[in-house]
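The structures come next, written out as structure tokens.
Consider the two complexes below, in which chain A is the common component and chain B and chain C are the respective partners.
Presenting the complex of A and B:
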């Protein structure tokens, strides 16, 4: 432990130029910035595994970012660095322009600012009522009872928990409802950044839509920066502004979702499950149809198909067709 | 599999007018199943779709006697001709039934009992009193079927989710069941694990001839079945081939289910008057149908030039 801390203080001086980092608009300070971040499990033993390999990444403020990659690609390790639950072996994690480990004793405060909802958080409920469970975080922040009450009600509304459920035991609720209670518990702390690890795992399609749209509304209305870790490209395409793709402990792509989905064949190359619509675009393009490569929603695909079938332009040049249409994706 | 050959096969599971509710004193005494009728024939691959709380898991648990309190159940469930809900069913028959209808659950961490993979696979057949020599053979065969032979000596808790589920599946096929029920067995897996388990399910059905009942809410998994049954609020609302079921997009949407994206896009094209032929359930078949229509159109338009 001691050794690792020492490493970190040394590497603060790591000024090696960053070869690539996803850009942020001029003048914007990213909500989170990671520079030269490295992390190994069981370092120094025969079981050593490199979990994060020179990560350089910006997470933009007020946006919803999807973090995607295979199991074992390092994404869960990465999110545990965001709120100081884990400490990088080297490199820096900046929150709102400041190194989160500047005052290691104050790391507890960072955890109020970056809320982390773990996988299957419904197993972590413990209070006697839904109200008390959601209020646990705010209570720890030593807020007044009125303030706690207000935050609890607000958070419950975001995740769609009705008032009649508030005094029930969380253990009497369905799996989907329990999940909502756990998410509301973090939202009630009003963090600057909300990180959710697979918030919709195991839910049916309706449950997925409702959880994801609740999270998106929360982000839009509060201006909170939201990071969602997921396996589902289809969900990410629908609900995120930015997408970060990880593979083999590195950041493979990062940026607006258009810029990521246009590289669909690369995504497939690393074995990720691209949205079925995107897969369909690839197959149609292989079959000779001229369709934008980066389509990822059914609506965009419907428009593209209409164009491909409807325009007399194709009549003139059966193998030509128009140049790539403008970025509909 | 074509319909004619399926219909000639013997009926394995016959669910006749089954209703089920939790006890009236429970917090939610609504009926979980109401008047469900469903027939599964030997060798079929049936997917059961439905939102959470639609009753699909309850139905599976009734078939396999995981729920064995029938106080609030009505109707008949015939498995291999025997009514599992009748009062005079013997302990012997129950064991026999569980051996012929195996079940794989959702959480890969809750199903493994031993500290070594092959011991876990042997647990079931050993309890059936299978002699050592045959036991060895069955375990080896089962591990090979699920592609886990090289992990025979591994510790289950170190495996990935998909691998754990495959070990759980091996543990059941080592008991030589005629039917396997997968109760959302892919819901907690990552895409890679899902692919492994779905491929294993298909292999069991197509190569080993095991009847498969797969409860899922993944449309792309349902699309690969011979037949899809959709449950909503305890009732069967659709029952047919994937193409038939996906033709009822509105009914599915009302039941909280979406069409696969590729099917939705292709069907939209159809509503716009483009003729698409063949199945529209997989992304490959959708692409094929769209490309065929597109080439056809180009040829015509080229000719009119």
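Presenting the complex of A and C:
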């Protein structure tokens, strides 16, 4: 990693005005801001691969951002830049308006502020009890035992781990439970930004739903900025506020989920699945039905269909839920 | 982490790449023996020249060959320095002397000899084996060569299979280690600062999951092998049947000639009292 440091500052000095695909409102400092970020693997060898190509991106605070792209488009590489596990070859990563590499020796502190849950995190558990494993991060933060205990319990509650599991060995749990323990281990550090790399990979639909809704609740209740990496449009449509689409090491689209999903044809163009509901709308429109083209959640589709057929609106939950109605562009 | 791969197969098209792996194993052993047979200046020079020729005909970039030597540079320097100061030559004037340190010409030559020997051994094994032979071919060859031992009920096939699996999983484990270390760093683990005992303790969060996953992989692999009806070597046929070609016999002949040459130079040297003959082998 050391060799790549050389040209970091030069490229930043490039003062051509940066156009971010998702500009932030005037006066708001984005939680994370990436400017002219480049990254290559095996640089300088015949095996060189460009993983990130001039990434300019804002991640807005307090929102849930979905990062979508095909396998190998650079998603995982990108998230490892957020907390300084890797350093960009050129360009800057700013956390709350400050370059995270301003003090390279203090990068450890950045990792407490940007919590990263890596892919298949259940394979990093090592402690004797679930409690101790969740407490590993807070312990590294040198917090008091009471504080650690409090945070561990809080995090465990967020991911739905029952108290009876807390003193078991993490190796005795089921795959889904292990995954929750690993996610709780990061939440317990109370990071400002929570990044999850494919948090639901390999889980059944029910497991996916419960992990994602747990994460969404966590984001809503703590106000933490959440970034979810996934290749499932379906999940992103349901749980995210903003969506960033990556393709071929570049950011293809970024913005509110409405503005992204309405460009369904472009998404399909780069080989990404569009949500089933969107597909259905396209088909219905082709068939001559007058229906809103920007639908992407089941609930919104349900309402639209009821309306189109003149049926009374079917309401399954009395309050409608936060995702309801928002599913219309 | 990537530097762990001390020797790695480097695909290229050369005579050595196309040789039968069994012959390559024999050649590698013979080459090491030859490096120990060398006794005087001229035989060592022959050894050095042969090592250079080997690198040239294998078409492995010099940069890569030298890279594999980097790991052993300390050992090389250490043995050379020891030789310079250790060897005494009672009959000769010291080249340099200070306090109890005396350096003789003979010591310098000894150091040079040892260096050439180590370099030749590294080049011999890496050119014949690691760089030009895929791990699978290598274990195949070893299994075939050790076949006589199975008559003595040594489980040769099992050993070869174990070796294949071990080699196959080295890159996987290295990758896994990288990932786990990143994951623990993301949780604030610190592997680089603190006292020695701190750093050893910091490795626990890496080693425990690594072992857990190694056992998990072993288990999965065993199941997968059983599902494919693997039951050991008995009655097992091969996809690639090793066959000796004309070039293999030529190489063996050249190798034999090389060893004969070394021995001849040694005998000549002993008879004519050539300078700088190595006294201890």
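Heads up, the rule we're going with is that the second predicted complex is superposed on the first by the 306 of 329 C-alpha atoms of A that agree within 3 Å, B and C clash if a C-alpha of one lies under 4 Å from a C-alpha of the other, contacts with A are read in each partner's own complex, and residues count from 1 in each chain.
By our rule, a contact is a pair of C-beta atoms (placed from the backbone, for glycine too) under 8 Å apart; a residue touches a chain by one contact, two chains touch by 3 or more.
Since we're looking at a predicted model, the values are computed, not measured.
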Chain A as common anchor, with chain B and chain C clashing or fitting: fit
First (chain B), second (chain C), both or neither touched by A:203: first
Partner chain in contact with A:49 - chain B first, chain C second, else both or neither: neither
Which of chain B and chain C A:124 touches, first, second, both or neither: second
Chain B versus chain C as contact partner of A:70, first or second or both or neither: first
Chain B versus chain C as contact partner of A:283, first or second or both or neither: first
Contact breadth on chain A, by residue count: chain C or chain B: B
Touched partner set for A:172, first chain B, second chain C, both or neither: first
Which of chain B and chain C A:272 touches, first, second, both or neither: first
Contacts of A:302 with chain B and chain C, given as first, second, both or neither: first
Shortest span in Å between Cα atoms of chain B and of chain C, once chain A is used as the common reference: 5
Chain B and chain C contact sites that coincide on chain A, given as residue numbers: none
Interfacial residue positions of chain A with respect to chain C in the complex: 80, 83, 85, 108, 111-112, 115-118, 121, 123-126, 136-137, 140-141, 171, 185-186, 189
Residues of chain C that touch chain A when the two form their complex: 176, 179-180, 182-190, 204-205, 208-209, 212-213
Residues on chain A engaged by chain B in the complex (per definition of touch): 70-71, 172, 174-176, 201-207, 231, 234, 271-273, 275-277, 279-280, 283-284, 287-289, 298, 301-302, 305-306, 308-309, 312, 314-316, 318
Contact set on chain B toward chain A in their complex: 27, 50-53, 106, 160-161, 184, 187-188, 190-193, 217, 220, 256-258, 260-262, 264-265, 268-269, 272, 274, 283-284, 286-287, 290-291, 293-295, 297-299, 301-302, 304-305
